[in-house]
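Below is one structure, written out as C-alpha cells, with a few remarks after it.
Which chain is which? They are A, B, C and D, in the order written, and residues in each are numbered from 1.
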Amino acid sequence: MAYGYYPGCSLHSTAKEYGMSLMAVCRKLSIELNEVEDWNCCGATPAHTTKEELGIALAYSNLLNASRQGLEEVLAPCAACYNRLKTAKYALNHSELLQKRMDEITGGKVEHEVKVFNILEFFRDIYGQDNLKAAILKPLAGLNVACYYGCLLVRPSKVVNFDDPEDPQSMDELIRLLGGTSVNWSCKTECCGGSHAIPETDIVLELGKRIFSSAQSAGAKMIAVACPLCQANLDMRQHQINEKYKTDFKMPVVYITQLMGLALGISPVELGLNSHFVSTGELVKQF
Amino acid sequence: MNENFEPKIAAFVCTWCTYTGADLAGTSRLKYEPNVRVLRLPCTGRIDFSLVIKAFENGADGVLISGCHPNDCHYNAGNFHARRRFAIFRKLLEFTGIDPNRVQFSWVSAAEGAKWRDVVNAVTDEIRKLGPFNEYQKLIHDSFPFRHEDSGAEEISEKEQVENVK
Amino acid sequence: MQLKLDNNVSQFAEEIESLSGLKVYDCYQCGKCSAGCPVGQFTEESPTRLIRLIQLNQKEAVLNSRTPYLCATCSTCSERCPMNIDVAKIMETVRILASREHVKSPVKEVAAFSGAFLDSVKSNGRLFEFGMTISFNLRNLTPLKDAMLGPVMLQKGKLALWPRSIKNKERIKRIFEKSSYFEPRAESTGKKEH
Amino acid sequence: MARIGVFVCHCGENIGRTVDCPEVSRRAALLRDVFYSVDYKYMCSDPGQNMIKDAIREHGLTGVVVASCSPLMHEKTFRRAVTEAGMNPFLCEIANIREHCSWVHEDRKAATDKALDLIRIMVEKVKHNVALESIRIPVTKKALVIGGGIAGIQAALDIADGGKEVILVEKSPSIGGHMAQLSETFPTLDCSQCILTPKMVSANTHKNIKLYTYSEVEKVSGYIGNFQVTIRKKARYIDESVCTGCGICQEKCPVKKIPSEFNEGLGMRKAIYVPFPQAVPNKPVIDREHCTKFINGKCGACEKLCGPKAIRFDQTDSFITEDIGAIVVATGYDLYTIDKKTDNTLKGYGEYGYGKYPDVVSGLQFERLVSASGPTYGELKRPSDGKTPETIVFIQCVGSRDAAKGVSYCSKICCMYTAKHTMLYKHKVHNGKAFVFYMDIRAGGKNYDEFVRRAIEEDGAVYLRGRVSKISQEDGKLVVMGADTLSGAQVEIKADMVVLATAIAAQPDIVPLAQKLGVGYDQYHFLSEAHPKLRPVETNSAGIFLAGACQAPKDIPEAVAQASAAASKVLGLFSSLELEREPYVAKVNENTCSGCEFCLMACPYNAIERREIKNRRGEVIKTVSYVNEGKCQGCGTCVSICRSKSIDLMGFTDEQVYSQINAMFV
C-alpha cells in the first residue's frame, strides 16, 4: 500500500522521533509512504495571522505538488500541518474567488482532489483497525494513557470534520486496540498554547500545568499526542512547570506512533523514545 | 409626462389586512391622492390576473394589488399564491411590451395606515409619470372582435401559475 | 472611560464584516468565548469585550489590543459560540488589519516570532528552527531566552544547525510577493453559514 | 329588473364636510337601475334605518347600497335593517365613502366624484348579488381535549363545569403532565402537587368528563361542530374496571431497575407500575418491553397475586370513535435534548458533560431531587454519591437562544424557575451557595421580578452575567469555567452539582398530530395560533383551539389562562344549536369542472373533496371537485387557480367582481 506523505518541518527536526517512529511503524506494516516532492512549510499560525492569503497559499502549494505527483491521499501526521491543509481545502471549496486568487498566486491549479488524513484517520480508516490489530505483538497491557488531542486535530470541527470536538474518541479507541487503557479525563481538547511556545512562555506554563494535573488526577501515567507542537511544548516545558508551580510531574509525552511501535514490537531506540526531555525509562522498561 | 394628468387606478385588496389598513388611514385622517378605486376581496389569493386585464380594458392606467404581509395571511397562504402569480404576470407584461410598473404589488397590514397612504401616493406618482395607458384601450377598441385571442397568453400565464403554486 | 458615539457607530464593524465575511452584530455578548479562552487570564480585553468594542466603532482601541496577539488560535471560542460566530477569525482579522495599517503590535514577542518564522520560511521554503529561534531572540532583544533548551535539543538531534531548503524557492518567493492581506470576498459578505 | 336604493350618509359632518352628499345622492339617482336615492344625516340611527326599511317596502327595492362608513363598521347593522324589511341581508352592500374617501381627501370635488364612483361600483355589484342563506352547521356539543397536563385539565374542567361533555385524552398512564413533576412553583413557592392533585381528581370524577389515559388520537375527520375522532386506547394489560389499585402487583414485580420517566431517570420503577403515588387514574400499566412475562413467558407474579384478577396479558390496543364538536389541543412541551447521544440530529453540549457526569442534571431532574415525592423524598442529595451539595452552579439558557446548538428562541420560564431553584436549595441546605450564570433576567410578570430579587437579596444567590464554556471533573468536584461579562473576567467555580436550565422544546411527536388536525406549526414545531395578538387560542382550523405550551413556551399561570380562554371559546361555540357563518364559500360548477384537482392542492383548508359523478347505471362518468362548506373559509384561492372557471366564490363571484370593474371608471 502506497500513500502520499507530507511530513512538514517538525518531523525533520523538533519532532524527529515522530517521523522516526512513523517510518518504523510503516515499515513494519508494509505501508509505503511517498513524500510530497519539494514540499514547503504549511505556514502554521504565523502565516495566516499575518496575511490571510499567505496562510492559504503556502498550504495550497503543497496540495498542488501532491496533485502533480498524482497523489490522491496524503497523510499529514503533524496536527498543525493537517489543520492548515484542511483549512485551505475548506476555504477553497467555499470560495471561487479565492480559488482564482490561488491560481494566480501559485501559478497552478490542483488537477484532482487530494484527500488529507491525520494520523488517527489514517490508521483507522485507511489502513484499517483489523489489519492493525492482527499485527500487534506486545499489547500495551497495564498502560494508563491520557489521550491528548489538543486543538488542531478537532477544531474547527466544520473544517476538519474528524471527531467530536468536546470528547473525541479515535485516539482512545486506538490505545484500547493496542491493549492499553485510555483514561477518562477533561483536558483532551484543551489548548496547550503551542503557538505561543516560544514567544509567551508564561501562558504555556499555565496551560501545561492544567493539562498535567488533569491527566495525573485521572490516573494517567503518560500523555499520548499526535501533534509535534503539543509534544514539544508539554515535554520541553514540564521541567519549567515543575519549577514554577512547585509540582512534581514526571509524565512522558509520547507520540501515538511510538506507542504503536512498542505494541508492534519495535525497539524503543528505533522509535526515538530516548530523545525525550522527560524520561521514558519507566515505559521502555516494560518492553 | 403630463403633470395635469390624473391617472385612474384600480386597487384589489384583501379584506383582512389592506382594506382594514386603509380604514385605519381614514380613522387617522391621513390624506392621500384620490385616484385609487378600491375593490375589496376576501384575499389576494382570490385575484385572478384577468381581473387586472379587465381593469385595463375598462380604462385603468394602473393597478395596485395589496394584501397581508408574508406569513400573515388570514387564509395561511393566499398572499403567496398572489405573489407567485404576480411575479409571472409581470414577466408576461414585459414580454408583451407593457411597462410592468403599471401593476404594483405591496403588503399593507391592518396596522399600516400610514403605509397605505404612502403606497397610494407612490403608485399614483408612478402611474402619473407613465402617463395614460392609451395603447391598451386603443387596442381593445380597434380589435375588439379579436381580443379573446389575446387570452391565449392568459392561459399560458395561468398554467405557469399553477406550476409555481405546486 | 467614555465612548463618544455618532451615526457612524457601525463603521468599523462593517469594515470587519466585509474583510472577514462574518457577522459582528450577531454577537450578543454572552461571554462563552471569554469563559473558555485558554489565554483569558493573560488578556485585558476578553473576546466578548473586543467584539463589543468593534460593535461600538472603537477601532483604535481594538487594533492596539493585546488580545488578538495573545490568541492561541485554538478555536475553542468559535467551536462553542451559540451564534456561530468564528471568534478566532475575528481575532485573526483584527491582527491582519492592524498589520495592514502599520499599527505596531502591542505584543512585541508575538510579532517578533511571526516575523522570524516567516523570514525563515520565505528564505528556505521550510522552517529552519535553529535559525528562527536565534532570529526571534535577536528581534525580541532576549538573546538568551530558552538558551538552556537549545543545547539539549541539539544533543538530541532535534535542531538542525544548517537550513534544509526546498528546490523551487521561486515558488515561495512568488507566494510571499503576491499574497494579499485578505482573501477576496463577494459584495454580499456576512452570509451566515448553516 | 333591478330596483336599487342608494342611501347616502353624512355621518354628521364626517362625510358631509368633504363630500357633497345631496349632490352625490342626486347623481346616484341617475345611475342605471337606481330607483331610489336619498341622503340623511345619520343613516345608522333609528330614523336612518327606518328610511331604508320604508323605502324597501314602499318601492319594492331589490337591492340596497348604503354609502357610509366602512363595511367592517356597520355592514351588519344595515344588513339586519334590510332583513327586518323582508329583504335578504346579502342584497345589501356598503360603499365606504368615509374611511376611504371623506376622511382621506381634502378636495371637495375630487372627493364627491370619488364617492359617486364608489357608489356606482357597489350598485353594479349589488345588481348581481343573489339572496344567500347563512350557512348553518349543527354542533355536536362534546369537546375533545388532547393532553392531560395542567392546560388540558383546566380546559376540560372549565368546559365540563359549563355543562358540556368532554373527552380528555392523555398519552401517558396518568394525567398531571410536567406540573406533577415540579416540587414547588414560582412566584409563591406553593407545592405543585398540592394545587394540582385536587384538579386531577376532579377531572377523573367529573360527571361530564370521560378520561382516556394511556391513549392517543389516532384519526380525526370532519370539521367544526362535526368532527369524528378515533382514539387508540393502548393496552395496559390490566382490566381497569376490575383493578382496585391496591398496588400488590407493583410491590411484587421482580423487575426493578427501569429508570422512572416520572423521576426523570433519577429513580427506578417496576415493569408493572403506577407512574407516581398520586397518579390519576391510580391503575398500573405493564411495560411490555421490560416485563419478563412478555420477554420469555416466565414470571407472571402479578397475575398470581392480583386479588381481583385484573391482569390481562392478552389485552390488545382498542379503538373508540367519538363525535366531537370542538377540539382543544393541550399537548404541552418536552425538554430540549442536551445529551447528543440520545439524538444524533442535535449537536448537543459535549462541553457540559451531561450524561457523562452524573451530578450535571437538568432543571426538571433538580425538581425531582427537591420534591417531597422524589427519589430522595425531598432531601437534596446529589446523584453520584448522595452527598449534600454545598455549591451548586445553575446555568441558564442551555439550548435556548443558541442558534448553533439549540434553538434561537427564549424558553421564557427558565429565569424564573432557576431563581426558584436557588431558593429551594437555600431553604434545604442553609450553608449552601448557589451561583447562577445568566445572560439576561427575563422576569416580566406579576411579582416575578420581586421574586428574582428575593433570590439574590434574601437567599444569597450569586448571579454572574455570562455563559459557561466548559464543565470538567477534577477530584470529585465539577469545575465550571464561565465568564462574568460585567466584570470582564473569567470565572472558575468548583461545584458539587450543576443544574442546566434546559430549553423548552415542542413535543417530539407533535407533527403527525398537527397534520391529523390540520393545524399549522412553526419551524420549531410549536402549533400556530390564528392570530398572534387577536386570536391567540384559535387555530386556522375552525373549531380547534390551543392551550398551554404546545403553542409556545409558557409558565403555569399562562397555560391555565389560555386553557380557560380555549374553554370559553368552546363553550361559546356550544352555546348555540347551530353554527351560523357568512355564506361566502366556494361553489363548483360540476358541469364544467374537468377534475384537474388544482383547487385541491391550492385549498389551505382541505375543504375541497373529490366527488364521483355517476350515470344512471351507477358507472362513474367523471370525478369533479366538491366544496365542503363546513371547512371552506372563503378565501377564493381556488377560484383564481381554476383553469376552467368552474369554481366561484359566493359573495365575490366573477360576475360581481367583473361588474364592479366595469363600473370603476366611466
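In this section, a residue touches a chain if its C-beta (ideal position, glycine included) is under 8 Å from a C-beta of that chain, and two chains touch if they have at least 3 such contacts.
Quantities reported herein were computed from a predicted structural model and do not represent experimental measurements.
Enquirer: When chain D is withheld from the analysis and all other chains remain in place, what is the resulting partition into connected groups?
Expert: Taking chain D away leaves these connected sets: A, C | B.
Enquirer: State the pair of chains with the top count of C-beta pairs in contact.
Expert: Of all chain pairs, the one joined by the most C-beta contacts is A-C.
Enquirer: Farthest from chain A by Cα centre, which chain is it? Let me know.
Expert: B
Enquirer: In angstrom, rounded to a whole number, how far apart do the mean CA points of chain A and chain D lie?
Expert: Comparing mean C-alpha positions, chain D is 54 Å from chain A.
Enquirer: Roughly how many whole angstrom separate the Cα centroids of chain A and chain C?
Expert: 22
Enquirer: Once you find the CA centre of chain A and the CA centre of chain B, what distance in Å lies between them?
Expert: About 66 Å separates the centre of chain A from that of chain B.
Enquirer: Give the residues of chain A that touch two or more other chains, as numbers and ranges in rising order.
Expert: Touching at least two other chains: 165.
Enquirer: Using the touch rule from the top of the page, what residues of chain C touch 2 or more other chains?
Expert: As it turns out, chain C has residues touching two or more other chains at 41, 76.
Enquirer: Check each residue of chain B and list the ones that touch at least two other chains.
Expert: Residues of chain B never touch two or more of the other chains.
Enquirer: Between which chains is there touch?
Expert: Every pair of chains in contact is listed here: A-C, A-D, B-D, C-D.
Enquirer: Flag every residue of chain C that touches chain D in the complex, lowest number first.
Expert: Contacts found on chain C: 28-37, 40-41, 45-46, 48-49, 76, 80-84.
Enquirer: With touch defined as at the start, can you tell me which chain C residues reach chain A in the complex?
Expert: 38-39, 41-42, 70, 72-76, 78-79, 86, 88, 92-93, 95-96, 99, 107, 109-110, 112-115, 117-118, 121, 125-127, 129, 133, 136, 140, 145-146, 149, 152-153, 156-160, 164, 166-168, 171-172, 174-176, 178-186, 193
Enquirer: Which chain B residues qualify as touching chain D in the complex?
Expert: Touch list, chain B to chain D: 8, 10, 15, 19-20, 22-23, 25-27, 29-32, 34, 37-43, 45-49, 51, 54-55, 58-60, 74-78, 81, 85, 117, 155, 158-159, 161-162, 165-166.
Enquirer: Can you check the complex and tell me which residues of chain A touch chain D?
Expert: Per the touch definition, chain A meets chain D at residues 164-167, 186-187, 213-214, 217.
Enquirer: Using the touch definition up top, name the residues of chain D that touch chain C in the complex.
Expert: 351, 397, 401-406, 439, 465-470, 481-485, 488-491
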